[in-house]
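Presented sequentially are two complexes of chain A, the first with chain B as partner and the second with chain C.
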Partner chain A sequence: MQAHAALEYDYSVAKLFTFTTILFGILGMIIGTLIAAQLAFPELNYLLGEYGTFSRLRPLHTNIVIFGFTLSGVFATFYYVAQRVLKVSMAESKFIMFISKLHFWLYFVGALIAVITLLLGYTQAKEYAQFEWPIDIVIVLVWVLWGVAMFGLIGIRREKALYISMWYYIACFLGIAMLYLFNNMSVPTYFASGGLGNILHSVSMYSGTNDALVQWWYGHNAVAFGFTVPIVAMIYYFLPKESGQAIYSYKLSLLSFWGLMFVYLWAGSHHLLWSTVPDWMQTMGSVFSIVLILPSWGSAINMLLTMKGEWNQLTENPLIKFMVLASTFYMLSTLEGPIQAIKSVNAIAHFTDWIPGHVHDGVLGWVVFMIMAALFHMAPRMFKREIYSKKMLEAQFWLQTVAVVLYFTSMWIAGITQGMMWRAVDEYGNLMYSFIDTVTVLHPYYAIRALSGVLYLIGFLMFAYNMYKTMTSSRELSEEPQFRSPMA
Partner chain B sequence: MFHWLEKNPFFFAVGVFIVIAFAGLIEILPNFAEASRPVVGLKPYTVLELAGKEVYKKDNCLSCHSQLIRPFKAETDRYGQYSLSGEYAYDRPFLWGSKRTGPDLHRVGNYRTTDWHENHMWEPTDVVPGSIMPAYKHQFTNVADIETAYAEAVTVKNVFATPYGDEFQATKAAWEAHKPKVLADAQKIAADMKNKDIKEAVAAGNIPEVVALIAYLNRLK
Partner chain C sequence: MDIRELQGYASFFMTIFLVVMLYWYIIYLYRSEKKGEKDYEKLGNIALDDEIDSKPINSSSVTPSENKEQKK
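Presenting the complex of A and B:
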């Protein structure tokens, strides 16, 4: 991993995906903030007529931040990291270059079509798998192209041993491929009915309880292989590169990787506790969720210990701050999840705002922080300019940290309050609250959450501006920085 | 072994795939045959109800409403008998939801009426003061897509052997023959509604989305 290798890496595709990361990030977070505000102030539902209600916009928010922002970030970092750890430049193969550009453009066009169809209400109504079948086919093609680029690069590599980050990128590729294919199995009704009705419509191959099982095997592990695995890939590369420290333990990374691969898939049924899914599956989901703490914390602790003896960097380099906080939020989130997967806790937590609270301390604190830090590290190397403003980076860090804390604390309180009120009974054993009582009581927490969304969004806009200035008008660098990213 | 795998990407990938596919095989497949059995007396959705289910999906009611009553006293007191697996046998996709910003709807047909839904979809706060649910006025003018709903019925009959009658055939003619039945169902719902435009639209053969949606909600029992 010498930074002064003679190879001239080609970042054209990494740059393209960097742009879409920023674009979809802004879009996804604006919608997220809007729908958060709608729960506190319902009048905001009527800004766009039929297309602006909470219910119509919510899948748009989740899909844009997952398949728009996060996936773009994964691809951007992949096309940067893979060249470097495999010691091969994209410019060396015209074929890989072509495939990866096609990968980008098909992805971008597919994403735009997806946004439009979701706004119009075409949906399979499965969470994070809403896209109807033609878009699913585009996504599969995009994924295959990524696989060709990935294994193409691996095929012509000079460094024979795959670095840890590559393990995780490969796992991301395989995991999502398997999950996405099986969960989206459906029959287009137009073709099965001799040409009747809407061509976009389809019915799921699975029904009822089975459909729920497949969906949450997918839903939970889309988080695993989209929000955990590739983000771990990033931190394994960018933290050592930015800090100049070697990974603390190879054995710990082995244990964490193979442990995560084996355990994660079992845990999906914890989304279906107390449902009509057989008891033994629910119990398996609970048990494996607890076991999952081990490999998750294994990675996080490995990262924190990588900083051993160099903690002063935390005060000197804001990018280290982002990454260390990201691993800390990863630890928080992977402890919180298993707690919610305990059946008795789940009885209160499920269906409440504690769940979105949990999701967001993971994604806002871990995923977004890590992706932003990665792009900030990449920018001086891709654009050969120093980072535009350290001050802005510091301000952004604190603003967004406060935002995340406001988000999850308000949602913890909201969730537990509502969960307790649903089950509260008076002295005669009658339910104490009508449903609407348990909604109106949440107003202050919804307002705080909306505020946290605004703060986080402002922070993200600062990131976007800082990146823009870094690309266009920051001081030029004469040679590539070795470790710490230079910033003004 | 691990060092060797890291130098042999193909076998590495195969190894990863086996490890991640394992859980799905053990945990998901065994239950498949059992869980698709319907409870006794369960009827497939009518075409109008299917069209209503599409409205439910399109306006994404499931982002805020569950259809899963858990086996707790607090839930059965509030919503009725806890949900059974066989009740969902014809639900493609399942619509359990994962968040209750609003109440559960699995048995809403037991305690809400056509009239109540009409008022509620038009302006939720008129019926439930303090409600944060948006109004869905566009459902009163948008026309439900009953042809696609029929296509769905035919599809699940042919592909998954859902017990629809012999008249459900994959032809335009069969659809035209079935259409009056759907309109008759819609007229029954519209008769209980007070909105004049709705009644006129249904009489003219156009079924507003809200009528189909109410048919679906009334069926949830």
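Presenting the complex of A and C:
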């Protein structure tokens, strides 16, 4: 038992991924803010030649925030949470330590190459699956390494029961593995043609409607298994741990888990309403999207009820504030999405700014808030120092909350205005507006969104600074805090 | 019946099947707790009491270091 007493959790890999979360977060949101500004002020497209145009930068934004920022956050929290809920240290297995370090470095190098190729314009032209085939292979390797580390840790665990967060991390792993492989099946044209054209170029193995269906089965479930499932994993660990309150209902968490797994995979065709896919499939996408409210709210309500009797913590502890707001935004966007998936609503909403509006109340309010709160909770435990500044945390919270509200309200108004103008006809059935009429009307809302981007970005830089100071110069802690994270 | 229609029916019946499974699972969860076979709610404590040397809520039979000691 002697060895046990000295045993400690090893956070070296969690720390590495924490750094990349911050790095890719800053990069992705600078680009997000720039493209938001470009939509309001088109002259900004000409700052950097071909590399600075909206069309180059948009996929760069989405891929950096999804595969750079969010995934780094998922990996960072995984390497932290998994050890703790399985009660096993990574230091106990040299093999797992090696694999997880390899996981990090391959991920990091792969991500840099991915950014460069996108900037140079190499793309499969499938949303969220733009990377060309050599990068896909690297991504598959990275994913396999993560799986080995994950199941390795599970294999040597002391805690026999898998905590609910682990279920969600496993689902994230399996879900993305399946989706990514199927959607990225493609033929490299260079080899198929016996050496013609660019070696990086490839074409999808599916065509036409099938390609669209596979793409949106993937696209929607990338949201499910990248933006929802691992973030739920985080909140199920960090909210109870930070507040000292066990999950309100563990059974409800299990039930919502299976409900989510079962329903999410069928909802993807709501991206293809009114298109050429079979009608029953569109209806199925709509119906499953509505049903999706149940498991989503099941989790969200479970999180809010976890705070039952402890709501005073909401005013006292800014990290609780971040997490409660995150679950509230989760509820908002999982109600908004199903509404947009109703066929008649979708006829107005599709192709309009309401869609990015919906995306961003989810990602800015739910995903980013939860990841930041998780990293703030981890920092005092990983670096053995208290959080540098509570005041800055509070200021950041309000700044970013205002920014999110500005983002989605402006896009709601812009989107619905746009949708109504596009379909408006006069008494003879002629379209009343041309495209440019809508652009003129929408300009102020685009400017508001750009402003909200600036505010949100400033908030994120405050987070980065606060984290940096916490790592380097904050007061040292003599022992690990049990629940509430200490802050100055 | 063409393939599209078949796919539609397959999807419909699979949905019914999965719904039944899900409801069965709810009943299973509550019943096994009522009978005293399982206590799901105590698993919530795994997040709260997560020190490496604290006693597992559900302990696995062999821990890695004990495993090593046994092999010696």
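Here is the rule we use: the second predicted complex is superposed on the first by the 481 of 488 C-alpha atoms of A that agree within 3 Å, B and C clash if a C-alpha of one lies under 4 Å from a C-alpha of the other, contacts with A are read in each partner's own complex, and residues count from 1 in each chain.
We adopt the following convention: a residue touches a chain if its C-beta (ideal position, glycine included) is under 8 Å from a C-beta of that chain, and two chains touch if they have at least 3 such contacts.
Small disclaimer: the values here were computed from a predicted structure and weren't measured.
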Which holds for A:K160: it touches chain B only (first), chain C only (second), both, or neither?
-> both
With the two structures laid over each other on chain A, which partner does A:A341 touch: chain B (first), chain C (second), both, or neither?
-> neither
Between chain B (first) and chain C (second), which does A:A414 come into contact with in this model arrangement: first, second, both, or neither?
-> neither
Where does A:P278 make contact in the superposed view: on chain B (first), on chain C (second), on both, or on neither?
-> both
Can A:I99 be said to touch chain B (first), chain C (second), both, or neither?
-> neither
Touch check for A:A125: first (chain B), second (chain C), both, or neither?
-> first
Give one of first, second, both or neither to describe whether A:L196 is in contact with chain B, with chain C, with both, or with none.
-> first
Quick one: chain B or chain C, who's touching more of chain A?
-> B
Is A:V367 touching the first partner chain B, the second partner chain C, both, or neither of them?
-> neither
Touching A:W258, do we find chain B (first), chain C (second), both, or neither?
-> both
Indicate the residue numbers of chain A shared between its chain B interface and its chain C interface, in ascending order.
-> 160-161, 254, 258, 262, 266, 278, 284
In their shared complex, at which residues does chain A touch chain B?
-> 38-39, 42, 45-46, 49-50, 53-56, 58-59, 121-127, 151, 154, 160-162, 167, 170-171, 174-175, 178, 182, 187, 189-190, 192-198, 201, 203-215, 217, 254, 258, 261-262, 264-266, 268-269, 271, 274-278, 281, 284, 288, 347, 350-353, 355-356, 422-425, 430-431, 435-436, 439-440
Inside the complex, what are the residues of chain C that reach chain A?
-> 4, 7-8, 11, 15, 18, 22, 25-26, 29-30, 33, 40-41, 43-48, 50-54, 56-60, 63-65
Residue ranges of chain A touching chain C (in the complex, touch as defined) = 3-5, 7-9, 83-85, 87-89, 92-93, 156-161, 163-165, 236-237, 240-241, 244, 246-247, 249-251, 254-255, 258-259, 262, 266, 278, 280, 284, 483
Inside the complex, what are the residues of chain B that reach chain A?
-> 2-3, 6-7, 9, 12-13, 16-17, 19-24, 27-28, 31-32, 35-36, 54, 57-64, 66, 68, 70-72, 74-75, 77-78, 83-85, 87-103, 128-136, 138, 142, 145, 147-152, 154-156, 158-160, 170-172, 175
